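There are two complexes below, and they share subunit A, which is joined by subunit B in the first and by subunit C in the second.
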Partner chain A sequence: MANNFLKISRLDQFLETLRLFGELHAPTVSESGVHRFSPLEDPDELHLDYRRTQIPPKKYLFPFREEILHYGGGGYREGHSSAGDLVIFGVHSCDLEGIAYLDRVFLADRPDPGYAARRSRLTLVGIACEPDDFCFCTAATESASCDLFLSAGQDGYHITSYSARGSALLSAADHLLEERAAQPSPAISGPCYPAQDPELRFSDHPLWQKFASTCVSCGACSVCCPTCYCFDVREYPTLSGGGTRIREWDNCLFATHGEVAGANFRPDRLDRLRYRFLHKYCGFTPLQGMSSCVGCGRCKEFCPVDIDLRELTVAPEKVEP
Partner chain B sequence: MKQPQHSPHVPYAAHLIERRDLSEDTALFRIAPEPGALAELSSFVPGQFVQLSVPDAGEVPISPADLPTPEGTLELCVRRVGHVTDLLHKLQPGAPLGVRGPFGCGFPLPEMAGHPVLLLAGGLGIAPLRSLLMHLLRHRDGYGEITLMYGAKQPKLMLFRQELAALAADGGMRLYLTVDFAPEQLDGSFSCALGLLPDLLKGFRFDAADTYAAVCGPPPLYRCLISDLEAGGVAPDRILLSLERRMRCGVGRCCHCGIGQKLCCLDGPVFRASDLKGIPEAL
Partner chain C sequence: MRPMKVAITGLTACSGCQLTLLNCEDELPELLGLCELVYFPLAESGNVLDAQFDAAIVEGAVSTPKDLELLFSLRNAARVLVAYGTCALFGGVAAMNNTISCRRDLLQTVFGDAVQLPESFAPAPLANYVSVDAAVTGCPPEKQEIMELVAALAAGTLPPARCYPVCTECRSRENLCLLLEKRELCLGPVVQGGCNARCPATGIVCEGCRGPVREANVAQELELLLERGFGREEVERRMSRFKPGWNYGQRR
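Our next item is the complex of A and B:
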C-alpha cells in the first residue's frame, strides 16, 4: 500500500486507531512550558509543531531508574519488567536515529533483558520536522528507524510504513486514508555542520581548555542527549531482608564517574568533557568509529553556559581558538 | 533442550568458604559459586575479571588471584577500600555472595608460549598476576624463564610472601622482592631488597627481545616501568598491563571504564603498552 495520505481533519481518528496498538504518547507541553513526550489524553494537547522535547524518548526504553535485580534467600533474580504496549507518536528523525543507536548498544551481543522487552512492545511513529538554529543533523528528511513516518503535505500527511507493524497500523487505519502521490521531501534549509574528521578534534585542541573553563559539570548535555546511556548500578537492602539492585542514569561529566578505589582517572573537567565527546563523536568499543551524535541540538539549547560543540566539529580552518 | 541464555545481569549464587588475612586490610577470599556458574568460569584466562556481588552492598570487579578449581572455587584477593569491600571483609564463612563472569580479555597465553615471562607487581598488583604465575608454573614446560619482581611499601604489606618464597624454592621461577622501607625487624626467613621496583629492574639482566612483561600496580608504577622496559629492549606490544577501572556492568554498556576509545571491560583489563600510547588518561 503506497501513497497513503491522511487528511489533517482525520488526525484525531487516526490517533484513536493508534491507541489500539498501545498506550499513546506524544509531544505535549507541561504546565511549566516544557516540551515533553507524555501520555496523550486529549488530542488537543498534541503539539506537533514542537522543535525538540527537553528529555528525548530514550526515557521509554532506558528509564531513569530501573530495578534490574531482586535478591534474598541466597540468590539474585531478574527484576520483572512491567512494560506494556506503547505507541509514541510524532518523533523526529533525529530521535528515531537516537533510538536506532541505543538498539545497537542494548540489543547487540548479550541483549539487555529490560531494554529488549520494552523495545519489542514499542511502536514508533515518526514525523518530519522543521530545523531551527540549534539543529545540526545531516539527514533530517526521513528516518526509516520507525514503524510509520509522516511527512507533511497539503492539508495532511503522507505516511510511509517501514515495518510489518507499520503495515498493520495502516491496515487498521485504512478507512481513514486516501491515495495521493507523495511529494519529494523538501531540502532542509537549516544549518548543518557535519563532523569533519572528528578524531583530529580530540587532540590537545585549545578549544577544550576554553570549554572546560566555562563548563560547570551540570551534566545537562548528557541527560538530554538521545544517545547518552551511561549508567550506575546501586544496591538497596530492605529492612526485612533481601533487597533490590537498580541501575540509573549516570553522567560522565560528574567527578565521581571516573573514580576507582583511591584514584580518579578523570579528575579534571577538561578530561570529562573530552571523554564525553570522544564517546559521542568517535565511539567506544564495540561501536568504535561510529558517531552517536544525531544532531538534535539539545546539548546546545540546554547548556547553561552556551557551550557549542559544533565549534569543534566544523572544518579546522574555521576554528578560532 | 537448549538452555535459555543466562542473563548478563544476574549473578550466580555463591558463598564464602573461608577468608585468610594477608595484611591488615587485605584478605584472600575463597568462594564457591553454584554449579551453574562452572561452564562460564571454566573459560577463565588469567587477567580476566569477575563481578563479585556482596548482597546489601553491591558489586565490584575483581581479577581472581588463581585459576578456578575444577569445582569452580575462586580465590579473590581483596583490599578493604570501599562500600562493597568493607562489607565483604565483615562476612563469615557461609555468607551468601554472587558472581558473574569472567569478563574481558586476559593475558595472551598462546602468544606468550615458549617465551620468557617477567612479572612485575606493585602492592595489590600481585593479585591478578598471581593467577598468571600459577598458570605459568602449572604449565612450566610451555614457557621460558619465569621471573617475578614484587615490590611492596613495607614487609608487612607484602602479600603471599611465604608462598612465593616456597614456589621459588621449588625452582620453577626466579623471585625478587623489594620494599620501599623496612621499619620492622625482619626475621631470617625473609630477605628482600630495599628500594623501588624500577631499581630492582635496573640491575636485572635478561633476554629483553624475547621476553613478555606482565605489569600490574598503581598508575605511577606503570609509567616508570614501561619506559624502563622499552629502554631495556622489550617490545611495546609485549608489555602487558593489567589496568584497574570501576566496571559497573562488565558487558560494555555502563561506559565507566572507557580508556581512549576502548573499554576496559571488553578490550582489557589486560592491555598492551603499544595500544595505550597517546591516551592521556590511560595510566
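Our next item is the complex of A and C:
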C-alpha cells in the first residue's frame, strides 16, 4: 500500500513540493475581500475554507480577453498563449467538473490551440468541501477530473491520484506522506443538475415573464459560471496599419449575442433567457442531452435580482380559488 | 496613402476629451502619420476651417448659437462626424440640470444681473441637431477607444462596438460588488462598459460617466436602488449627472 495521507502539519511542505511542477495558484482573499484563485506567495494567504471564488478557474484556460491574432504588412501571426506550467491547488469538485466540461468543448474535434496549450501545462489539485446554502449539490463529492484529489480525514487529507502527473506529484511528495487505511470515498461527482427536457423552455411558467422583466443583463451569471464559454471575436485596426483580433467572454443575455446583419435571433430578454435555459440544462450538439450545470451556485449568489433558472423546472404552485 | 484630413474641436465642454487624445503621447507620431490635422485649435496645429474633412471629431454639448454654427459647418464639410465623449453623445455634466432648472436662472447665477446675458440654451447632444456617424463615449473617453476609432477611420471602417455593461468587466476583474456587497449606489448594471470597470476596481461606485448600455433595464436598476434604501430623488440626481432624461420605466 502506497503512502497516501498528508498530515495537516506538513501541508506547507507539500505546497513547496507542488511548486516544483509549476507556478502555484490557490484560493486567496483579495484586499477588498473577494475570494479568488491567485498566485500563492505565502502559505499564510491560503484560504482553504472558502465557499466559492467569484471567478472559477476557467480564467486560466480561457481568459476574459485575449489577443488571438495580429495582422499587418501582408502577413499575420497568432497570439501568444503565454502558458507556463501552472499548478492550481484547492479546487472544489464542481469547478473540476466545470473544467472537464470545457475540455469537451475546446479539446474535442478541432482543439482550440490556445486552450489546448494552456490545458496541457495545467496541474489540478482538488479538495473536498461542504456545500453551503447556494450550492446545488447536497453532499460532499469527489471529482476524478483532476490530477490529485484531497479528501478531508482526521488531522489531514487522504490523497487520491487520478493521472500520471498526479502519481508523479505523489512520488515527489512521498517523504511527506504516510500510510493510512483509505476511507470510503464520497460519491464521484459529475454535472450536478440533471439534464432537462428542451420543451420546458417554451413552458408557460409565470416565472419566465418575471425573470424577463427583472433581469438587468449585467452578465454576472455567465461571467462567473464555470461552464459558460460563449465568446465574441472582434477586430480592431491599429495605427500602424494592421490590426488585432481579440476574443472576449460573451453572454447570451446581451442584445448583441443573437444579432446578425439586419436582424436578431433573440430580440427580447425573454428569448435570451429561454436560450440560456436550453444551453445550460439541455445541451447543444454534440453535447446535446447533457446538462452543463456543475452546481457551484455562483449564478444564484451573484445575481443582483435573485434569478435561479432551476425554479422554472418546478411546476408553479396552484393557487386554490 | 493620403493622410486623412481631420478636424478636432470642442463645443460646450471642458476640453478633457481633446486632452485625452493629446495625452496619447506614445501613439501621436503614428497618429500624425495617418492624419493631417487641418483644424485643431486646442493643439494649435492648424486653424483652417474652410476645407473638406475626412473626419470631424467633436467634443462637447451644443448650448450656444456659436456651437450650432460650428457644428453645422463641420457637418457640411466632413464625411464622418464623430461624437467624441459623453457631452457630445448625451449632453454630459453641462446638461445635468436640464430637466430641473430654467436656463435663465442658471445664467443669472453665473453672470449676475448683467444687462445682457449671453445667448445660450439647454445643452444637448450633437445628434439633436445633426446626423452623427460614429461615437466614442466616456468622461473622458478611454485612450484606447479614441485610438481605435482613428485607426479604423484610416482603414476606411469603424471599430466594433462594446455592448456590455460595466458589471461584466467588473465581475471579470474579481472586484467586490459595491451594489450587492456594500449596498452602495452603483450604476454598473445600466452603464456602458469598455472602461474595464476603472472606478469599481478602486472601490468607487460606477457614476455612469459612459452613459446607458444598450437595452438597459433602467426600471429594475431603480427598483434595486430603492430597495437598498436610496431615495428616488437621490437616484435620479446621480443618474442624470452625465445624462439627463433617463426613461425610468424602461425595462428593455
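Just so it is clear, the second predicted complex is superposed on the first by the 286 of 321 C-alpha atoms of A that agree within 3 Å, B and C clash if a C-alpha of one lies under 4 Å from a C-alpha of the other, contacts with A are read in each partner's own complex, and residues count from 1 in each chain.
By our rule, a residue touches a chain if its C-beta (ideal position, glycine included) is under 8 Å from a C-beta of that chain, and two chains touch if they have at least 3 such contacts.
Quick caveat: nothing in here was measured; it's all calculated off a predicted structure.
Q: Where does A:22 make contact in the superposed view: on subunit B (first), on subunit C (second), on both, or on neither?
A: In the superposition, A:22 contacts neither subunit B nor subunit C.
Q: Between subunit B (first) and subunit C (second), which, if any, makes contact with A:43: first, second, both or neither?
A: neither
Q: Please indicate which partner A:216 is in contact with in the superposed arrangement: first for subunit B, second for subunit C, both, or neither.
A: second
Q: Let me test your reading of the model: by the given contact rule, A:106 touches which partner, first (subunit B), second (subunit C), both or neither?
A: Once the two structures are laid over each other on A, A:106 reaches subunit B alone.
Q: Contact-wise, after the overlay, does A:34 reach subunit B, subunit C, both or neither (first, second, both, neither)?
A: Second partner only.
Q: Is A:234 touching anything from subunit B or subunit C once the two structures are fitted on A? First, second, both or neither.
A: both
Q: Quick one: is A:261 in contact with subunit B, with subunit C, with both, or with neither? Answer first, second, both or neither.
A: A:261 sits against subunit B, while subunit C stays out of touch.
Q: Report the partner of subunit A that touches more of its residues: subunit B or subunit C.
A: Of subunit B and subunit C, B contacts more residues of subunit A.
Q: Using the touch definition from the top, say if A:224 reaches subunit B (first), subunit C (second), both or neither.
A: second
Q: What residues on subunit A does subunit C touch that subunit B touches too?
A: Comparing the two interfaces on subunit A, one with subunit B and one with subunit C, the shared residues are 234-235, 237, 243.
Q: Inside the complex, what are the residues of subunit A that reach subunit B?
A: The contact residues of subunit A facing subunit B are 68-69, 71-72, 74-78, 105-106, 109-110, 112-113, 229-235, 237, 242-243, 245, 247, 250, 252, 257-263, 265-266, 271, 275, 278-279, 282-286, 288.
Q: What part of subunit B is in contact with subunit A in the complex they form?
A: Touching subunit A: residues 5, 7-11, 13, 15, 53, 55-59, 79, 81-82, 85, 96, 98, 218-219, 244-246, 248-249, 251-256, 258, 260-263, 266-267, 280-281 of subunit B.
Q: Would you tell me which residues of subunit A are touching subunit C in their complex?
A: By the definition above, subunit A touches subunit C via 30, 32-34, 36, 53-55, 64, 213-220, 223-224, 234-241, 243, 249, 251, 254-256, 268-269, 302, 304-305.
Q: Across the complex, what residues on subunit C touch subunit A?
A: Counting only subunit C, the residues touching subunit A are 27, 30-31, 33-34, 147-148, 150-152, 154-155, 157, 159-160, 163-165, 167-169, 171-172, 174-177, 179-181, 188-190, 203, 213-215, 217, 220-221, 224, 251-252.
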